[in-house]
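Multiple structures are listed underneath, in structure tokens.
After this come two complexes, each holding chain A, first together with chain B and then together with chain C.
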Partner chain A sequence: MGTYFLRRLLLAIPTFIGCTIVVFSIVQLAPGGPLEQQKRQLQAAAAERGGSGGVASEGETTIPPKALEELKRYYGFDKPLHERYLIWLGLWPREIDQYSVTLDSARRVSGGQFLIVKRQAGGLSVYDASNTSTPITTWLVADKKHEDGSPNIYVYKTTFSGILTGDFGRSYQYREPVIELIKERLPVSIQFGVIGFLVAYVVALYLGIQKALEHRSRFDIFSSVGLFALNSMPGWALGAILLMLLATDTFWSLLPLGGMQGTDYESLQIGSKIIERARHFILPVIAYSVGGIASLTMLMKNSLLENLSQDYVRTAFAKGLREKRVIWMHAMRNSIIPLAARAGFVITIFLAGSFIIELVFNIEGIGKLSYMAILSRDYPIVFAFTVIGVSTLLLGNIISDFILALVDPRIRFK
Partner chain B sequence: MAFFKKTAAAEPNKPLTLFQRRWKKFKSLKRGYYSLVIITTAYVISWFLPILVNNTAIVVHYEGETYFPAVRELVGMSYFHAGSEFGMTGEFADKEASYRLLDETWEQANSDNFVIMPIYPYGPIEDFQTAGNQAFLAPFAPDGHGHGRVLGTDDRGRDVFSRMAYGFNVSLSFALALVLLEYLIGIPLGMISGYKGGWFDTILQRFIEIWSTLPTLFVIIIVVSLITPSFALLLALLSITAWIGICWLIRAEFLREKSKDYVAAAISIGVPTRKILIKHILPNSLVPIITYFPFAIVAGIGSLVSLDFLGFGLPAPTPSWGEMVQMGLKYITSNPVKWWLIASPLGAMFTTLLMTVFVGESIREAFDPKVFSRLR
Partner chain C sequence: MAQETLVEVRDLKTYFNIEGTWAKAVDGVSFDIYKGEVLGIVGESGSGKSVTALSLMKLIPDPPGRIMGGEIRFKGRDIAQLSYEDMYSIRGREIAMIFQEPMTSLNPVFKVGMQISEVIQTHFKVDRAEADKRAVDMLRQVGIPDPEKRFNEYPHQFSGGMRQRVMIAIALACNPSILIADEPTTALDVTIQAQILELMLDLKQRREEAAIVLITHDLAVVAEMCHRVIVMYGGKIQEVASVQDLFAAPRHPYTRGLMASIPRPATPGSAREPLKAIPGNVPSIMNLPTGCKFCTRCEVKVAQCDTVEPPLAEIVPGHFVRCHLVQPEGGAQ
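Showing the complex of A and B:
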């Protein structure tokens, strides 16, 4: 079985690469990227400075080509798509510490070093200013041309740094490493996700068992209608209704409008802190768990009913076991299997599919962060969220199978 | 032969076909049956909204001439009548005539001219630039002309009931078109993949694995944030991943069916593969196609509303439920809260989805009888 899961893990790699390639290409090839946004901003600034330029010159205001190239290099758009992807993964050298140089004159670079670039027979080579006899290899030099034909020479260092080495890049908007931004917000999302997940399972287990034991009773029929109702309402929509009813002055102002805690949170006693937190958690957790509750309850109910009609249950009754023991020790242990198997999968939904709920309740989690990142074309965050979403889904599937193998000894993965 | 056929048809106790039996069973499940009747009727009626819920008059009788602007709108013709055509001066002389105002003035003047307005005389996109409309009228709160709107107005003075009603048509049409598209893509792929197997199946399976791992809604938002969306673009984007569900079902069905004797018999008498797929196996695989349908509709409406809510849905003046909720939530801190903006579209969505789920559950019970009802 170990080899089976090892193979599953290995098979997840091409899927991961395929997924990220799709998202990467869509984002990188689409118009209106950060470059265009920067250009527009610069143009607007230039037009403002020009002032009296009038309508005719406004459209013609352009960024100097050199600045444009600088921008392109900053965002990495000067490379072909596949190189950009590999750089992002960390499998292609990433250019860092770039310094434009002119031939044969010293240029101060990071670390207080002075470099001189000279043209030789084999092309350009870099020398330390204090020792111009042997070329150094720690710095590389690019020999390119500007669009107007003038030489564009710069020295740079390379490093392999990408998501595989844990480098998610820097956010364009926050000017901070993406990993820091995510570290700040991931615990928030996980808190809501895990609590929502637990609530969904506890409620579903209880309701499902009750419904199975009282099959066709009035309770069963009415709760079924209720569950259908829940199932046909997206979690965020129910959340919006509840928010309107329970958190506004017009109706009942019982619960806070959103966020994680009130403004006076720090000044509270530990007891009221817990209450304060709980009040903020009620509505989002309901929104998170409704979708799961409906389908999990029906799964639990049908699974238990199916097992109760099995021969082994009849045998257990026939040999005189008490009803409680038959249900809880015999039937339940078999009925829980399909529920357990879905656990891994459900976690991914709570983590990755939550950004609408985070928006409705104004929760500062990764979902909201990445939604805002899409709006402001903050690509490193968008990609980071994709990576998180895809890998939790892939892992979730494997975890599901693993749990299945753990709880059901009949299942043999090969 | 013909003789036997005749007697069989005349026989009153002729055994029902499989489909008739299923339909009978479906009809006996009242909850689902009546939901289907209601939702179908509502959808058919919603196509006639231009003459039922509209600010354009059905009939205008002016100076001996009769015009039918709303009817022309209904059949999709241009319907623009400037106010000056009906003797309006001032604000509406060049703009489209305000039929409600015409109705009012002619009524008061007791003239021979008359206007017959639709039952509910407010349109989905007329905003506060049109006389009588105000932003944020509460339900039944009178406007400047002493009229109330059943469900109030939104921040641009557009009538909420009207937008909700048109939104029903838009949502359901979108979902139907989406399901049609995903069936058109998913069923043939599933058929070939299940029947042929081999390299095609392997490649498709790997492809589906990647495709279903994509964070769909997220990717769609990325694309829509870069390209201005339209009805067709949204359909295309959503159907890119939506076909996987039905494809998977059909593939499993064909995998099972292809090993049955009737397929072997068809192959042995030399029936071409295409014919086996379409004429022989497909009719035997209709159950998942039919039972999946209502749930696909639910998913379609859900995705559209979510996208509209996020602001990445249908382009601006289109009446859509998600956009209304978004607006309602935007003003959630205002007092009194604009509850009609949140409750009416979500109520409409809830009713529609719930009835569709009822239909789906009953169809499933009739077509695919299991002892216990299931959600999915």
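Showing the complex of A and C:
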């Protein structure tokens, strides 16, 4: 059993690499990357400036080619794609502390050190400005020629740091380590996800059982229609409608419009604080859980119905067991097996759901963060979200197997 | 026969509502079960054997099924009229049942031991430890080796024959007055079949008072195990007799047909008799003939058979036949 899960974990590694390669390549090759964004920003700024002078020529790059190359270097786009991927993983040296230099003139770098780059017979080498006899090895030097052939020399240090070492890079937008941004927001997303998940399961279990026990009754038919309608609407769309109905002046202004807490939250008593929190949670949790509820309910209902017609249920009745015990113990214990096994998968649905729901309800979670990051091509955040997503998916599958092994004695993984 | 009657079934009617019409799966069945006897019920598929048995336990799924009429007298009460609430104390305690499918009749997610001690705790005021002790003892009685260990195993760790032994252990755990075994060996291979039947006979010998109702397709099993036999066809009893009478002189054309279809080894010197299957198929219970239920396949039928249902007549004491062509002894034939 233990070895089975160990093997599953090991097998998750190639899957993880495959998934991240695909996402990494697609995102990096897609047009509208950070370079183009920077370009556009500069152009817009130039157009504004030039607007008064009336000499702006639209569509023309106003960034000098040298600056552009420096930007490329800053973002790492001067490297081939596979190198970029390995750097991101942390398996290829990452260039840090880059400084453009001119030959034979001292350059102040981090740590207050002054460096001089000289051209030797073998090529370029770096010296400490105070001692130009022996070259130093802590700093490296490279010459990527400019397009016009003139030298483009810079010094830099290298380090192995990537997601494998826990370094998710810095956000382009926030200029902050991505890991910090995520640390702030993940708990928020998890709160909503877990509560939505639990609500979905509790409601689906209850509804599914009632529907199975009252199969073909009026309640069963009407709830099926309702569930079908809910199922055809994405959670965020329902959320937006509910917001409009219940949280704006247009209809009833009963619930808050979004966020986690009101502005006067800190001044409230503990009881009011809880109520305030709950009021902020109601609509998002509804939006989170509707997607899962419909399918989970039908799964529960069908599973219970199927089990109630099994031979072992007849045996249980033949033993003289009471109906309550037959249903709630014998049939139910078997019926929850498919639901329990789905739990790992459902977790990933909630992660995916967070994307737009957090936006609709203005929740500062990783979903909203990543959505904004995609719009602004903030690659490090997008990739970090990919890592979280893929890991949850893989882990979810393993968790599902694990739960299945727990609840079904027939399953023994080898 | 000076036998004590345990159950009196009178004019039992169990119908199934199939798309608005009532299909008469069991239609006016009357018979007795005596203390200590092994009563066989035979008949082709669909003749109503299982429905009769399930009616005795009030285990007919409703909907679509319902006991429409008749009485099932047992210990001064009429099971047909009892509420489900009252049935709880009879099922598993007074009347127990084992089924055809040992592979699916046990709950796959509970340990075998629990499934036995559960029935003990349901009917007797004993604590868990005592119930478990008795369950282990039952496992031993039904011939499961290493019962203490097997007690903690799940059904999927048992073979089909072993599971049927467990079912027997569950059924006999509360010492019921009647054990109904509905084709207990059909799903098992031949050597295991013999072992299970032997086990049932063995356990029967230790319970003088208890009756067994053995439902089967297999007349050889009947000859081996039973004291009396009921032959069913089309939801009705066609013939009832002691096992000696039935095999010595089967009267109903249907019973004769069943007998002729048993494969027999050829006796040396004589030519091997050809195997004769009853021609035609069992009619659907949705459109049974109005007269004798067997008339569509009967080789000796007369005109009357199509329209008039013959009564179940006692032709010699203890031997009942439902056929126009079979008259009580001494009557014209």
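Details
Simple rule for what comes next: the second predicted complex is superposed on the first by the 393 of 414 C-alpha atoms of A that agree within 3 Å, B and C clash if a C-alpha of one lies under 4 Å from a C-alpha of the other, contacts with A are read in each partner's own complex, and residues count from 1 in each chain.
The rule is simple: a residue touches a chain if its C-beta (ideal position, glycine included) is under 8 Å from a C-beta of that chain, and two chains touch if they have at least 3 such contacts.
If you're wondering where the values come from, they're calculated on a predicted model, not measured in any experiment.
The superposition on chain A brings chain B alongside chain C with room for both. In the superposition on chain A, contact is made by A:Met298 with chain B only, not with chain C. In the superposition on chain A, A:Leu207 contacts neither chain B nor chain C. For the combined model, the angle formed at the CA centre of chain A by lines to the CA centres of chain B and chain C equals 70 degrees after rounding to the nearest 10. Of the two partner chains, chain C is the only one touched by A:Tyr312; chain B is not. Of the two partner chains placed by superposition, only chain C is touched by A:Arg322; chain B is not. Legend: residue contacts after superposition of the two complexes on their common chain; A:Ile179 is shown touching neither chain B nor chain C.
When the two complexes are overlaid on their common chain A, residue A:Asn334 makes contact with chain C while staying clear of chain B. Applying the stated contact rule after C-alpha superposition, one finds that A:Asp408 touches chain C and leaves chain B untouched. Put simply, more of the residues of chain A are touched by B, taking chain B and chain C as the two choices.
In the superposition on chain A, contact of A:Ser224 is made with chain B only, not with chain C.
Smallest inter-chain Cα distance, chain B versus chain C, after superposition on the shared chain: 13 Å. Interface residues of chain A, counted against chain B in their complex, comprise 14-16, 18-19, 22-23, 26-27, 30-32, 224, 227-229, 231-234, 236-237, 240-241, 243-244, 247-251, 257, 294-295, 298-299, 301-302, 305-306, 309, 352-353, 355-356, 359-360, 370-371, 374-375, 382, 385-386, 389-390, 393-394.
Taken in their complex, chain B has these residues touching chain A: 206, 209-210, 213-215, 217-219, 221-223, 225-227, 298, 302, 305-306, 309-310, 325, 328-329, 332-333, 335-337, 339, 342-343, 346, 349-350, 353-354, 356-358, 361, 371-376. Put simply, chain C touches chain A in their complex at residues 57, 59, 84, 87-93, 96-97, 99, 101, 104-110, 118-119, 122-123, 154, 156, 167, 170. Every residue of chain A that touches chain C in the complex is listed here, in rising order: 310-312, 314-323, 330, 333-334, 337, 407-410.
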